[in-house]
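The same chain A turns up in both complexes below, where it pairs with chain B and then with chain C.
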Partner chain A sequence: MRNKWLLVMMIPAFLFVILFLYFPLAKGVVMAFQNYNMFDLTNLHFIGLDNFKAIITDPYTNFWQILWNTLIWLVFSLVFQFLLGFTLALLLKKPFAGRGIYSGLVFYTWALSGFAIGLIWSWLFNGQFGLFNDILIRLSLIETPLGFLSTPKLAMMSVIITNIWYGVPFFGIMLLAALQSVPNELYEASTLDGCGAVKQLFYVTIPYIKPTIVSTILLRTMWIVNYPDIIYAMTNGGPVNSTNILATQMINEVFKQYDYGQGSAFGVVIMVILFIYSVIYLKLTKSSEDSI
Partner chain B sequence: MINRNKKIAMSIVRTVLLALFLIAALLPLYWIFVTSIKAGNEIYTFPLKYWPEKPSFDSYRELFSFSNFGLYFRNSLLISLSAAFGAMIVSILAGFALSRLSHRRLKGAIELGMYFTQTIPTFIIMVPIFTIFSFFHLINSRIALGFVYVATVVAFCTVMGKSFFDRIPASLEEAAKIDGCNLMQALTKVILPITLPGMAAIFCFAFINIWNELFIAVTVLSSSDKMTVPVALNSFISKTGISWGVMGAGIVVALLPTMVVFGIGQKYIVAGLTDGGVKG
Partner chain C sequence: MKRVLVALLVFMLSISLFAGGSSESSSSDSSGKIKLTFFETMTSPGRTQVLQNLIAEYESLNPNIEIELISPPYEQADNRLSMMLNSNQELDVIEVRDYTQKQFVNNGKLLDLTPYIENWAEKDDFMPVAHEISRNVDDTPYILTSCLYVKALLVRTDILEKYGIPIPTTMDEMYEASKQLAAANPNQFGYALRGKSNTFKISDVLMFGNVGDINTEMCYETNDGKYWLDNENGKKAMEQYLDLYKNGCPADSINWGFNEQINGFISGTTPFLVQDPDVIGSLEGQLDPSLYTVVPLPVGTSGYRYLDYGYNGFAISTTSKHPDEAWAFISWLNGSEKNGEFCKAYGPLPVFQSVYENDDYFSSDKYQAWADELVAEDTIFVKFPIDSEKYPAWAQVQEQGMQAMLMGTVSVDDTIKTFKEYWGY
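== the complex of A and B ==
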């Protein structure tokens, strides 16, 4: 009886999630198997796997390069976001005067939009009047300004640096909370056993907060792969595809080509990859837990 | 003695690292602000000035008069405040119910369904939402957009709300029931007052995410008087003749509300994120 009333209280939330998330998701997956082009709407029909074949064989947007770019973008962003965020959390663990204000100032970027951050950093990296060029010239490290976002080799590095900056607060916030939950007795006991600070980190701290590490890395991976906003604002995949990842290519299919079928096919590819990744990742992290 | 030196060295390293993190976090924001208050051609003169010769608010004046930014700001504020409020109400009801549900398997299944929404890429639902909107003639409807926004945050907010309610013992409601309250009255008169911080966290989280959203808004808002702040910034990119001064001013104005909300709600947001987000 009570459960029935509780379920009634959940109906509004169910309606929102089903109508505006799960239903469009189902429709999106169906579209991936249809000929669905804004310029060709009268000719809407199922075409099997043709959209997938088309995006893999498209000569203008090399699918394998996009896949490789996505991997580079993910690995470098994630590793540095995690390492720097973890360092920041460790630094903030012990109280000091003004810690509250300090953490507010270093964590605020969490609340900003990736799109706005992309715009700010594209100005910092600007090839003529950007701050970074100015600093490098003042330090006499370079003589003429570098085209950070217009040179294929530098563009990927620039967008990754931006993404690292964006993601550090997330790991900082999450890992700091986890660190503060480690009971002090564990540290006291390990000190008595003769553990140094480094040993303590690897044998006490990290094993204790492992569940948080595992879940934050999984969440962040999905966001890094899913969100095109930073690259969209900075290079939109260019120059010559050097920063084009699956997510930005999908945006282009939709906004520029108006090919909703192929755009959705990219979406399905991303979801399948993330799903397989999550299953393997959770299995691996689980088995290593059992062996301890 | 050696130990003491080591301690001093450690604290120096720590201070230096903390300072570096702070500089790295603030520098981009400082630079966009400085850019927005530089006058005329100072932005495009080498070597760059790290503080304007004569600070000017011309860019802001141009932003609000010429580019009509006040209207976009109002649109964004209206949509974000009402959608965040709606999301808060819906997810508090659902979060409370989810926390008190005694059917184990049902509870697990609902929670999983809520978590799974976090993995749905925005852009796979973007196109279907566009076709649904055009089918019902809702293109350019800010109310319809608000409904979609409620949906995009409600799952995470529900999980956040659940974790807040989990910490409030059910015996409180039992007591209220004995005093003659029904379930709804117990929630509004007894439980909610002590969960105000949790509600604040949910509202702040929802507001920030909705305020920042770009791609869904770009897809369903086509007329320029309905645009939100991110959509307006996006239109600046393609507009020729917009200077980085005006762009910078637009970015500063776009960031302000989320920074204010984060500043006020930081403590609650951090608690809410860490409880609701990552606990499996």
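== the complex of A and C ==
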């Protein structure tokens, strides 16, 4: 009886979750199989896998290049965000005068909107009036300004640098919190056993905060793949598709081409990739945990 | 018993939580006031404020009317509106623009305004081009045109004087002047090229004049129904554009959007800028007005300038329960008096002849170029194929194609071939 009663009381919460979380999700997936185009909504019907075929074979927006761009964007952003974020957390672990203010300032970037960051950095990287060009010219490293955002290879590098700058504080905050939970006794004991700082890092600190590392990397991967703001504001996916990732192309399909069907198809592709990634990732990290 | 009551309460609560709001959409409240909903799409903070002030004024003049303004952020507004219309939510006045006019008409969401416009006192003052735009789809006035966006050439007179270059009146002169400026000084360039975000709206307008004989209903065809980019003039226009980029524009302009263009103009790096009239507002406070002027877009070798026009207007939704009141409101909001006021506060060109004649602001030198251009004999208005199903994706295809061509990774001939195939010729 009591259990039944509990179920009844939970109905509003269930309804809430279904209506606002799973319904839109299901609707998005369904749209990926329909010819859902804002230009003609009088003729809505299911078209099977046509949207997926269309986005993969589109001769004007190279799907495989977009996929490759997404991978480059993810790997470089993630690796450097993690390494720098972890270093930052280690540096901030020991108390020093003004640590509170200092960490506040360092973590501040995390609170900025991605679009605003994109706009600010596109001025820094501007190939005509930008700060970076100015510095490089003053240092006599270059003679004529570099087109950071107008040369394909430099453009990808520039948006990744911006994304790294943005994402470092996230790892910093999360890992710092985890670091502070490592009991001091462990360090004392390991020192007695003759561990140096490096060994302590690899045999005490990292194993202890591993669950945090695993979950933050997983979260961050999803966010980076789903994060079009910076690219959208800085290069709009250009020049010539060189910084176009799945998430920015999805925006193009929906907001510029009004093709909700193909936009949703991109969404489903992202979802499937991330799902497979999560399953494999969690399996791998779990098995290595067991082996410890 | 108590439990049953509580269960009932929980049930009711959850129902009302999700069905909430449906009861308030009734359009006239107990005081007998008629409530109109007004959906704004080209939202910006300043613009919304102007509309709110106008609405307050209208409400004080018509105490029985209450207007609720819906102003979603610009980026989502068109999509939100489509969604609301497609789920048949009750809306009265909606803002429609060039991109959405066809779509809304196709989906049967707009009311035919013919009976209202026929009896409208201001219909003769309403400019012919505005009437034409109202009837753009199916030759039926589904919208009341409100603002126009037409390109003109902005020139930094101080820079040109410094280098002793006269203000260009033909496209070839502007190309030459740009190259001269760029050759004179490594930090000086000529033309503020638009490399990203709807590039075609500017790059193609530059080419039309040198191609000539453009079909006004479909600007990628000549009047004989053929695609023009691969004819002799078209190819030459494309090569000239490439030459302009290489020898008259900053290399970085391949990635220039609106903001970078404006910055290039303000800094003087690129003293030629082809833009819409709302740019005047963006320049205000950043550039001394005595340092620049606006002239009609230079004519091409054909002797004509071909201009496309952007526009927005107001329409009445087919779900409206008060179309007469909605018309009364939009014909006031979009009457000659308020139209001038609205455009002045916000930037685009008004649609009434009398505004250009009587309003000091729009008869000033900065706007004179546009006023002249709109009625000049060597101006021909053309339309981009916005009805085509190919149109929505064109911006991205063209942007990438042009960027590749300007960077030199794809030849002019191949670019033309790609574009021709895209349009299916």
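Everything that follows uses one rule, which is that the second predicted complex is superposed on the first by the 273 of 292 C-alpha atoms of A that agree within 3 Å, B and C clash if a C-alpha of one lies under 4 Å from a C-alpha of the other, contacts with A are read in each partner's own complex, and residues count from 1 in each chain.
Note that in this section a residue touches a chain if its C-beta (ideal position, glycine included) is under 8 Å from a C-beta of that chain, and two chains touch if they have at least 3 such contacts.
Keep in mind that what you see is a predicted model, and the values were worked out from it rather than measured.
After alignment on the shared chain A, the placement of chain B and chain C results in a clash. In the superposition on chain A, contact of A:Trp5 is made with both chain B and chain C. Once the two complexes are overlaid on the shared chain, A:Ser150 sits against chain C while remaining clear of chain B.
After overlaying the two complexes on the shared chain, residue contacts for A:Thr61 are found with chain C alone; chain B is out of touch. Looking at the shared chain after the overlay, A:Thr235 reaches chain C, while chain B stays out of its contact range. With both structures placed on the common chain, the touch criterion links A:Leu19 to chain B and to chain C. Annotation for chain A, partner touching more residues between chain B and chain C: B.
Looking at the shared chain after the overlay, A:Met174 reaches chain B, while chain C stays out of its contact range. By the touch criterion defined above, A:Phe129 reaches both chain B and chain C.
In the superposition on chain A, contact is made by A:Val254 with both chain B and chain C. Annotation: chain B segment clashing with chain C after superposition, chosen from 93-101, 111-119, 129-137 or 147-155, is 129-137. Comparing the two interfaces of chain A, the one with chain B and the one with chain C have residues 5, 9, 12, 16, 19, 119, 126, 128-129, 254-255 in common. Across the interface of their complex, chain C is touched by residues 5, 8-9, 11-12, 15-16, 19, 38-42, 60-61, 119, 126-129, 144-145, 147, 149-152, 155, 235-241, 252, 254-259 of chain A.
Listing the residues of chain C that touch chain A in their complex gives 3, 7, 10-11, 13-14, 17-18, 75, 79, 82, 86, 102-103, 106-108, 186, 195-197, 250-255, 257, 259-260, 263-264, 267, 269, 389, 392-393, 395-397, 399-400, 403-404, 407, 409, 418, 422.
Put simply, chain B touches chain A in their complex at residues 14, 17-18, 21-22, 24-26, 28-29, 31-32, 35, 43-44, 46-48, 90-91, 93-94, 96-98, 100-103, 106, 110, 113-114, 117-129, 131-132, 147-148, 150-152, 154-155, 158, 183, 208, 211-215, 218, 230, 233-234, 237, 244, 247-248, 251, 254-255, 258-259, 261-263, 266, 270-271, 273-274, 277-278, 280. Every residue of chain A that touches chain B in the complex is listed here, in rising order: 2-3, 5-7, 9-10, 12-14, 16-17, 19-25, 27-29, 31, 87-88, 91, 102-117, 119-121, 123-124, 126, 128-129, 131, 134, 137-138, 165, 169, 173-174, 177-178, 211-212, 215-216, 219, 222, 226-229, 233, 247, 250-251, 254-255, 260, 263-264, 267-268, 270-271, 274-275, 278.
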